Amino acid sequence: MTTHTVYRTFHTRERREWVRITPDVEAAVDESGVREGMVLVSAMHITAAVWVNDDEPGILADTLEWLDKIAPPSWKSPANDVARELSPDPGDYRHHRGGEDNGDAHLKNLLVHHQVIVPVTEGELDLGPWQQIFYCEFDGRRPKRMIIKILGE
Amino acid sequence: MTTHTVYRTFHTRERREWVRITPDVEAAVDESGVREGMVLVSAMHITAAVWVNDDEPGILADTLEWLDKIAPPSWKSPANDVARELSPDPGDYRHHRGGEDNGDAHLKNLLVHHQVIVPVTEGELDLGPWQQIFYCEFDGRRPKRMIIKILGE
Amino acid sequence: MTTHTVYRTFHTRERREWVRITPDVEAAVDESGVREGMVLVSAMHITAAVWVNDDEPGILADTLEWLDKIAPPSWKSPANDVARELSPDPGDYRHHRGGEDNGDAHLKNLLVHHQVIVPVTEGELDLGPWQQIFYCEFDGRRPKRMIIKILGE
């Protein structure tokens, strides 16, 4: 059995930003020499996500609009009446009493999940034609770590 | 260490359809001969999900109604005022500018996740009494692939 | 390759309760002797979740308020108008026709997921500074099982 671990640090320019990381995961698998196995790709923070979806700018913009409605940030005005009612009652997240302002990023992390497992077959990421791996930053502008861990042979 | 990989193709009659796949995953584990390990069950498309839940027709119908409200399709009228406000503003998903009409299926995929890991113990799927594995198609009527990958010994 | 399996049974006093289980997962890894690998931590019921998030009372209370709005229980009044419209139409979950009253717990389980994978590096859980593992009970007051399965070497 072989294991191989790679860490990557993101420091996004924007507070919310999607970074396509399929090449990083591929590179880690190449380094490991694993031909058959699984790769765990997991955010090490609770205000970011890792997901597999389409690398199409329209859908990425759609997801941000939608996530802001169902897990509304309180550092900007609610997107509409639904976002207003899904905001904490009354007014602000309890999490913000300690000075934080990223409560929505925690909810988004829970909603879309902080990790994926990608199968490795014959030395390649065994993804479907449209599947791309993304690191999704919900509270950036500071260093945030992610782990890539490969297990196989 | 043993690995074993099985692909399954679904071609559902309905656009949205839930297929119970516990027997497929069991068969793949039997074929592999693995006694202790993990099985990854993962959709290879970004408009379908794999989940573990109850095989009870009521809850399956409940999930579809609910998913259509929080990730509303734009190819039919919004289910109610909440679905209308959770729809993209204004009008339609940006993803649909290229001619697609499955933006909601992408959001549903992110929401309920495209994969599960099932533990294998003593050669059996180590599931709780009510846990059944489902492939959940959100944009079917065409061939869609899923991977079952077993790792263990 | 080493595998090690531990079951834990929860019997929470409250219907909904979050239990921090990082020490349980650490103990299972210690017992296994695994230095490099992965741990699957997975609820064996379809009305509970396992997630990784902050151990901060404010955010935990925020998540419950928010989950009750987007996956509303029908055994208490809807939290507000959004929760009312996200409730099944008309009135109650189809799942409740058989006498159950935990339809919302199924939806919450799908939403925040019933499992996580934690990487193990140099014999330790390889978590970020704020990442804690929680068992999240949505329908307790009865025995519910969870599996911890370690795979590595």
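Think of it as A, B and C in the order they're written, each chain with its own count starting at 1.
Operating definition for what follows: a contact is a pair of C-beta atoms (placed from the backbone, for glycine too) under 8 Å apart; a residue touches a chain by one contact, two chains touch by 3 or more.
Since this is a predicted model, take the numbers as computed values, not measurements.
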Path length in steps (a step moves to a chain that is touched) from subunit B to subunit C: 1
Interface residue identity across copies subunit A, subunit C - same or different by half: different
Subunit A onto subunit B, rotation angle from CA fit, given as a multiple of 5 degrees: 120
Distance from subunit C to subunit A - Cα centre to Cα centre, in angstrom: 19
Residue numbers of subunit B (touch at least two other chains): 1, 38, 70, 82, 111, 113, 117, 151
Partner subunit C, residues of subunit A touching it in the complex: 1, 3, 5, 38, 40, 42-46, 70-71, 82, 85-86, 88-89, 93-98, 103, 106-107, 109-111, 113-115, 117, 145, 147, 149, 151
Residue numbers on subunit A that touch subunit B, as the complex places them: 1, 36-38, 51-54, 56-59, 61-63, 65-66, 69-70, 79-82, 111-113, 116-117, 119, 121, 126-128, 130-131, 151-153
